[in-house]
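A single structure is presented below for examination.
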Amino acid sequence: MSRIRVGVVGGSGYVGGNLLGLLLWHPEVEVCFVESVQAAGRPVAEVHTFLRGLCGLEFQDFSLDMLRENCDLVFLAKAHTEGMRFVGPLVEAGLRVIDLGADFRLKDAEVYRHWYGVEHAFPGLLSQAVYGLPELNREAVRRARLVANPGCYPTAVILALAPALAGGYSRADEVFVCAYSGISGAGRTPQPGKNLFLDAYRNIKPYKVCIHQHQPEMEQELGRVAGGTVRINFVPHLAPLDKGIYATIYLDLSRRVELEEVMEYYREYYRGSPFVRILPSGEYPQVADVVGTNFCDIGLALAACKGDGILRLVVFSALDNTMKGACGQAIQNMNLMFGLPETTGLYPLAGASWGT
Amino acid sequence: MSRIRVGVVGGSGYVGGNLLGLLLWHPEVEVCFVESVQAAGRPVAEVHTFLRGLCGLEFQDFSLDMLRENCDLVFLAKAHTEGMRFVGPLVEAGLRVIDLGADFRLKDAEVYRHWYGVEHAFPGLLSQAVYGLPELNREAVRRARLVANPGCYPTAVILALAPALAGGYSRADEVFVCAYSGISGAGRTPQPGKNLFLDAYRNIKPYKVCIHQHQPEMEQELGRVAGGTVRINFVPHLAPLDKGIYATIYLDLSRRVELEEVMEYYREYYRGSPFVRILPSGEYPQVADVVGTNFCDIGLALAACKGDGILRLVVFSALDNTMKGACGQAIQNMNLMFGLPETTGLYPLAGASWGT
Amino acid sequence: MSRIRVGVVGGSGYVGGNLLGLLLWHPEVEVCFVESVQAAGRPVAEVHTFLRGLCGLEFQDFSLDMLRENCDLVFLAKAHTEGMRFVGPLVEAGLRVIDLGADFRLKDAEVYRHWYGVEHAFPGLLSQAVYGLPELNREAVRRARLVANPGCYPTAVILALAPALAGGYSRADEVFVCAYSGISGAGRTPQPGKNLFLDAYRNIKPYKVCIHQHQPEMEQELGRVAGGTVRINFVPHLAPLDKGIYATIYLDLSRRVELEEVMEYYREYYRGSPFVRILPSGEYPQVADVVGTNFCDIGLALAACKGDGILRLVVFSALDNTMKGACGQAIQNMNLMFGLPETTGLYPLAGASWGT
Amino acid sequence: MSRIRVGVVGGSGYVGGNLLGLLLWHPEVEVCFVESVQAAGRPVAEVHTFLRGLCGLEFQDFSLDMLRENCDLVFLAKAHTEGMRFVGPLVEAGLRVIDLGADFRLKDAEVYRHWYGVEHAFPGLLSQAVYGLPELNREAVRRARLVANPGCYPTAVILALAPALAGGYSRADEVFVCAYSGISGAGRTPQPGKNLFLDAYRNIKPYKVCIHQHQPEMEQELGRVAGGTVRINFVPHLAPLDKGIYATIYLDLSRRVELEEVMEYYREYYRGSPFVRILPSGEYPQVADVVGTNFCDIGLALAACKGDGILRLVVFSALDNTMKGACGQAIQNMNLMFGLPETTGLYPLAGASWGT
């Protein structure tokens, strides 16, 4: 098979850099075009200095013609609400698209408007877009022309909760998520109070308390799994590290069960999903085990609570927000779309935190 | 008034070093005796190098006679279950004692045995010991001969929840605590997997999931406030910073209320408590605002949840585990016991993370 | 004595925040006026959230009248080249001034123009300005009306080298400085590539290699000590921590000496200087011992080198760039200017990294 | 070609874990045997939890028979002086060996005894051992039966200096190295004062000042390059990050040259060496560009100095101590020994810090 010819639109941010690193290393990919508004005309390796000697490309201005002629697939790595306008023309031009932004994740244009504060530019495309979480939508991803690559928090939370809801172990109306993210999640644009070194070093702080725009994304996808309405209480925090998401989730059990039964259900649910690891009883995920990899590690515990003896389930999940939470997952989706093994270019380990 | 003559038993660990730094700086204190098993005979400033030029004392072996003759007050900074045996003789010798360990915090010797795995050496003293959280027990601390200085997590969680329970805003049977601690909480003794640099750097991990020994301490003190049984679900995590506790707590509201009403109750509850700051609506505590200080910052939010319209309260609290969570609180207790203003040597700021 | 009434011009950056923290805590100071262009009209504690509950002031627009009427002393904490224009009017109005910026440190307006790229606004004041390093210029500081508070790197390097040059132990033409700074040195204005979290975390990088504007400041002051020309090779680096300067300096010895002789000279040189600590032979400074304090710790070693048997001296110095490298030193200068003990409000410890 | 069958002796430390991660990911390798004294009988993935699901092996006791029957190559990852005794029998058994320890790096048993404090167990093998720095000894490595894998500091310093000495640009008797290392260099065994989280976080400190055991290794190999005696002044420091070496080196130029001439010589010297990148004039290496990769980045600057106009050269080098400084280099050596492309399993990027 000839190599997949890819273009990257929005290549000068953190996500663009991460993605280019993975694509240049992928054995079945040729990077043909890299767009950036701010960096057009500059060598890619000058902006992403870790790519010195590894990438001879220059950033270019957006060109639909160039993309149509030279590419099979376009990765879109623009900020929310900015990338949206590129998608219609790209899809119309027959290109397959993986959007790492948030604009095509929500199915309901009204919900989108509520959370992102703008009208959707292509509401008609929302139903075509496939929510690119392979562990839940593997077959749809294979056939997709437009993949909405999930957010980092939703990936961690949905993978943690889907089996519990699918298996009927929990009611969906009482879910408490306490999540922590590394600072790369705040992007490369300076945000005083958030992503300056002194904002984050030796600090922990919550933000967007119960109003984070990833919440409806979780509720939408988990609602599909649960076959009903799901309400998520979601509080994200910033932690002093570069990469990593850690989610600690309390949820009601709908009946008394043994932990091992739930764990077995989780293991079965993710059989065939090479990037989800269910940890043994008594062990819990840690960021150091997944940073630099495409893994999402999941652990489970029971918490006794309430006089009536009903137990709570505590679910933990950890992933690298730049990998399984963004770029690694995008590669995984690409592999599926082009008939490659899901792990190509990602497995066994793409940059694990060796030995730590 | 002549200065308070104090002795420190267990002076070579992190807590001992922190405490000595504060005591040497306190205008009304004279440090007369510092004990350490491992470091007896060595200069204090050789072990705690930040005290070079500031402390001419040497560590000594334990001597009840020395303490009795030279001290008014003894701070005990030994590991759990180790410090216990010193307390009986010290109290009997007429010395006032502030125990920074956990051995006299629980009132029930049976509960102590369950969580700490050993028989209590002086069960008869448990009822005399005052739980040294001045914001709840100020008057009792003033008169106390034996103060059990609270744990770091309990200080953060109890201060965060006490007003909600005292005001009847919440039922006490559904509390979910997700707490993060800096690594100083793990002490100075090497614990591979926990307090080595590579264990914690670029990592987040939970530990003692729902089985942490601070849980009964929270339940005991909050039970007193609530006037009934309180059940806490408590999951602590390690975060990659040296100091700081961050607690994010979900709890049921017992009735529909406005956030401002609850906040006003909180402000009123802590009027007269100089080290608790209730943040305005829409603002949340962060570790950087309290690290190096004796403050506990508290913030509040409402989270919509459940079909029936009952809301959840989310409470945030942040403190420095080495200050309000240990040594600063011990100084605060000492001030009360000796009739000094509560903030002497601690206020306005003892080492705030200026400007970050 | 009535309290010193101070004004702060430029109060919303990191330096302003640090300074306010120290001033509010100082027993002999009353803060009467705080200026900020960006934050005028906002409460100080809203910008510097760690000051919540401790400072009721608001930032104001600059007003010479207000300062003249209400203040004895003005601290100027503006960026280089920006603060300069305020100094003339303030001095003319009879106010004493401590400038934490760089504009009055160099004596030669031509050298200033070369390194800072602008004409000096008040070249006539340069000769009046006292270089505010108390350990070298204590008496001049006492009488000064205008103090140029030294830079962070120069403080570390000058204190490390002054005795070696003053004692004739070293030729002044071969000095190699390798210095590392925490990220607070880069200020609060976003500088992509420098002070974003991802720029600095898990990274080490040099900057302004042999062209840093602090170099002429070192050469000027050390030249005065040595009584001749001094040439400094200076390479600064960014290290992944918030605060701290670490300087490792190689220099030629002019003759064979025993290390102990040099150390004794250093100790004698700084006798009477409470904030300089000369470490014993075989011990070296570390940032953790000085962070949060006004200390500069200095250590010495000999390095064998060259066939001809002439030895090299290696000098190490560590300080907190926000304290002895900026705000602590400014307070120290204020104390001297107003006849207070040098350590008032700074000593024994103002926020030591207790026990670490 | 059938896959290389490898054994790892000393597999439970940081180096062992790193190495296993790379080997499991290498397309031409089969890991057949992993020894560990402490962990014999335990699953590899239980000790190195990041390898969960990726490695089904168990640690075993040492067995020369097992290694002889099942392996072509043995990696030795034991502590200095401990691994030595395994080498004789392994070599005698006809196995090829790559020793990641220090025991076979020095050619002179007497020098070894001086720096490591023990008699060498197999002095007769020292002359056979090839110093495994491929950029200098590529052909010898190809034919080697016993490779002494270089230390992390020596790799950074030798690669930085070899061209300057080989090209006669510098005299070899005046070299000043100021090097910083991440904490993984201190290994997995607790060393209070060094590798606990609180020892290193928010800290910088030197250690083994001018007495580090890597110094003779640099002098030996650079002496071979220079064709004469080289004397290195070497001061290592600990920096608060997990991985990375940063070396800043001052050295005399033997004559006045243009920077570009020296840079061109460097580029030519490393032509054909895929893992050394010489940066353009005015750009300098940073740890973030090399962490997780096998690259050593090198930058150059001139520093004016001395009245007589002779210039100094400043050389900067950065690498990942766990990759080019240890395990990546070992893989690079293995590739050469077994006729594979030098970059197999390492290139373009094995875990780069994407985009940071």
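Lettered A, B, C and D in written order, each chain numbered from 1.
The definition used in the following text is that contacts are C-beta pairs under 8 Å (C-beta built on N, C-alpha and C of every residue); 3 or more make two chains touch, one makes a residue touch a chain.
What you see is a predicted model; the values in this text were computed from it and never measured.
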By the contact definition above, name the pair with the higher C-beta contact count: A-D or A-B.
-> A-B
Looking at C-alpha means, what's the farthest chain from chain D?
-> B
Express in whole angstrom the distance between the two chain centres, defined as the mean CA positions of chain A and chain D.
-> 36
When centres are defined as mean Cα positions, the distance from chain B to chain D in whole Å is 45
What whole-number Å value describes the gap between the mean CA coordinates of chain A and chain B?
-> 39
Could you list the positions in chain A whose residues touch two or more of the other chains?
-> 14, 184, 198-199, 201-202, 240-242, 286, 288, 353, 356
Over in the complex, which chain A residues touch chain B? Could you list them?
-> 173-174, 176, 178, 180, 198-199, 201-207, 209-210, 229, 231, 233, 235, 237, 239-244, 246, 248, 250, 284-288, 291, 301-307, 312, 314, 316, 318, 353, 356
Hey, which residues of chain C end up touching chain A in the complex?
-> 14, 183-184, 186, 188, 190, 192, 195-202, 241-242
Any idea which chain D residues touch chain A in the complex?
-> 13-18, 20-22, 24-25, 48-50, 52-54, 184, 202, 242, 277, 279, 283, 286, 288-290, 292-293, 297, 322, 327, 348-356
